[in-house]
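Read through the structure below, which is laid out as structure tokens, and then see the notes.
Chain nomenclature is as follows: A, B, C and D, assigned in order of appearance, with residue numbering initiated at 1 for each chain independently.
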């Protein structure tokens, strides 16, 4: 049994991660930290937890390092920088769910996150943990930068096509709709029930921090630097992200050929499903699961020629956070990639 | 007091219209029809109604034509064709909330609605009832084609800019998010609570019937035929539409200049509010009101140059249907344009 | 025009009150306070507000007392004690939406609110502002203690029957279900969207502070001291309270006779509607309105004999707070009692 | 591997059952029927399904009887009568999720369900499938009448106390709040999103068909016939039932003693959790799981003496339907009782 620990377990991502690790067949969860809740049972905070006597403990890096071989970090960005470095120096493996090691270019990180990066050499060692793009590197990695939730939908939605000559790489527009759990558990006025319920709004237009992460990965696939327009929206539901992605085609192509490109690209992927012709992804169909559903459509009416419209859907807390982390762990340690992630989600 | 009647009053739009007309200072609601509910009190179906003994009556055009001078038609498209013609022939005025008289080109109507138009000459007489564009014509009209809900957000969002040389008119993408009341009151599996709740999906990509309506009006403003990409989404709330609209600029311009263009365009409009710099529209702020909130943003990062991002929000049942109908009536009859529409909506 | 001011206007009740007062035909809203938001436009915080340049100002009792003749206090309990006394001493009238002057017995207040009452003589002068019970006293009052939201449903639901010999006054059980706006706008973890959505829970069983308020008023109607069992629940919606009330009957009586008692009791009430036989109240039917809907049912199967089951529904922010305050003002100043409150609410 | 089949698989309960059976370690799901969807993939209707090529087939009892040893019936009441009899005659075992074999007294069934019972002798053979009460009989049963959702909360909430001398058995009031999935997938106006959302209502007061089922089981535990008052409510969420149960005590007892009685009663139960003192059950904590959470409270203020208030929460589709069916199967076939049911549910 692999010994693992979670740092920063009082948020939604940490809790979902703990829930999955507690029933994972090859893993023992030995510790979970929370400064605020130290000493209390995790089942007192998360009433959905069963059959565990695990308690939150304070975050003492030195004390906790001996308890596990793999550390999941669910800390705020910036705080994660040092913790990753600490465990790496101690010879441990790390899966970091924060944004601290996702951006390869420290300058880009510093510009978007408004804070210096103190461990630049480690950036090179960190692998961006999207298995569909980087599985081979993940296998050998000691530091995984677990992808952001919005980027997962955008990168999986565009990867099969962004490197093809038929697309205008500079024309990408990503219009995303997210449930509210992405905003975290910390109380804040805009995420109170009465503010979110019965409303929809856009936010952070052109300035959302997931933008450079999307661009880095898509540029990598395309083999050419590109920028995207990314608009996130907040909608009144707990979980799920649906991204509607627009990209101009330079020449016309049949929808069935595009669908084939997507099916071929994801043929061996256990967690990406290219839906049948005309079927629309909906977040409820992936809620509670590690799946990403994708469907493609062509618009041929526009004066700019043909536009490919891709719709992708994930559960932001699973494929967009904790499930992806478990998937990365499975790959790193040679477990079956679907271990602990295989079941269909409840519905409705 | 102007005598008015509603045909097809058992749906959400008809009910909201009746509610507003019952307290309108210059109007007497003399009749409301429903085949299925004929003979019953409207307050038995719509429990929110107070202080009215009005009953639904069957839809007998001949019998009802003597009861009013202005007729609001909340019938399904196709059924409205004949009813409009009937009342028009009888010398009455009509505000038609269906799509039957919105499209000036009968061929376009027949293609998108898959049914012949039997009253083509009347199409020329009908005025597209968006006061912000056609107020002068509405004043003198005898047939008003009341705009669709999605088109209202798109047309109001783009009208101040679509005719300007700085924009690439062929680049319009409209990504809309709608509450569920737009789907009507008739039972259908996809709109059951457990199907809609906790989920978001796109639908009718590239084939939604509101597309030609948006194109007709924007082409009119632009003075040049144009097509748009329009993607509607269903989100888990009762009321409200938020549209996020993307249009490429041919040359750069400051955000404050764009904001000024919008403010100038809507300076005298009682129901369009251009929000302050950086303020995001949210549907909850317009829920229950006849307002359209608009905010504009610039994205300068994209490889295609600068993109203008416009966000517009309305209550689909008011500014997107019944409120617009009342506003049109106010204009036609010389009432104060805000009569019966002036109050701020409840919140949250 | 009566000059009025609101103290503590940054919460939901204060905002709804301001919204109604701004369009009230006999009233001028001259000031609204908020320490935190002082200097900002109220329309910047409450985006639903239109056509007002009103700004929040700091709460300086001395400075504000000259601005109005009637003061609405939306302050936290305890803070309201002094403010009421201040305006009363200055010869002004006050409608206090807090709990500070609702309980006639200072000892009961001190026990349930865990704080001393510093202005006991004023308790005698304050009138409990439920028009259906105390209209004559409200007319002459200078201090109104505006009722709590839960108590309004319970007291209106039981008043027609609690003084009758046929009921067992000691058997009252009130099981209430409330939307989330009752918890206020201040950020708190239990009222975050993801905590409230898709869940229901009971809270404060046997210890909710509205209990003694219910008991005081029902004891008054019954002419005999009584206690009740009161269980509040939180459900995932913005607005509305539904109370299901159980009371044993000492002898059998026909349902139609009970219905007649209720109809007679509320015959002249503009805002209480006794629903038709078999019609169930639902909060959506009163959302946005000052109405209380009531329906009665008899259970004859129980081994304890016949039980009367009363269901009552209100909008907690209107009939349960701000609307009731406006109704009280209308009575105090001889305005039409429905001024500013008459319209049917939007639906759905 | 046990071969099982589902009859009537197009509803929510059937789908959840199929989902659980597809990953159950000891079971092979060989067939699932739906008249309407015959021939189509179940994953086309239930998008949450993965990794299955199972198709709906028509409901031909003769043809399907050879395909399995255990049949789960998710048919409407009345239709289930004959199907149960058919499989029983064929020597197969049956778990019936309808109400047809729950009531031991055919007269009671006929009165509440307004239809004759054609297979009265089988009623004696059927075992009411609540493991916490009838585990020994379930082990040997060939026909299981799977409990209703509301009754599960009421019976589990009251069983530890209803047979004790300290309670007044005739005083039981059960006030239940249910999500909307209990109403099924068939389109109907009252369960459309816009009707359910942002509202709460009571329904079927004193006439709900789950009443006699609750009474039968509680009478059995108490050893004395008793009636209860049962009031169901519909609230705006997908899944979950919370029941708040009131029962008078004949003499006072400490809360800790009551808690001990509950803990002792459920000591060995894998799926009932008696919460810590003062912790309130919430449906979100059991959503997606087979657990029933229970908490007890005492009210000592009432004029009727002490009242015990019990709050119980389940997921209506799991512990209230499909999960209970799987639990019953596990018991019948000697599998570990938690097989396929053990994991903690996702949250939020």
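To be clear about the criterion, contacts are C-beta pairs under 8 Å (C-beta built on N, C-alpha and C of every residue); 3 or more make two chains touch, one makes a residue touch a chain.
What you see is a predicted model, and the numbers here were worked out from it, not measured in a lab.
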Most widely separated chain from subunit B, with each centre as the mean of CA atoms: D
Between A-B and A-C, the pair with more C-beta contacts: A-B
Whole-Å gap between the CA centroids of subunit A and subunit C: 46
Distance between the centres, which are taken as Cα means, of subunit B and subunit A, whole angstrom: 38
Shared interface positions of subunit A, touching two or more other chains: 12, 181, 194-195, 197-198, 236-239, 282, 284-285, 287, 348
Residues of subunit B defined as touching subunit C within the complex: 12, 15-16, 19, 22-23, 44, 46-51, 181, 197-198, 238-239, 273, 276, 279, 282, 284-289, 291, 293, 317-318, 342-348
Of all residues in subunit D, those that touch subunit C in their complex: 169-171, 173, 175, 177, 179, 194-195, 197-203, 205-206, 211, 226-229, 231, 233, 235-240, 242, 244, 246, 280-285, 287, 297-304, 307, 309, 311, 313, 348
Partner subunit D, residues of subunit B touching it in the complex: 12, 180-181, 185-189, 191-198, 236-238
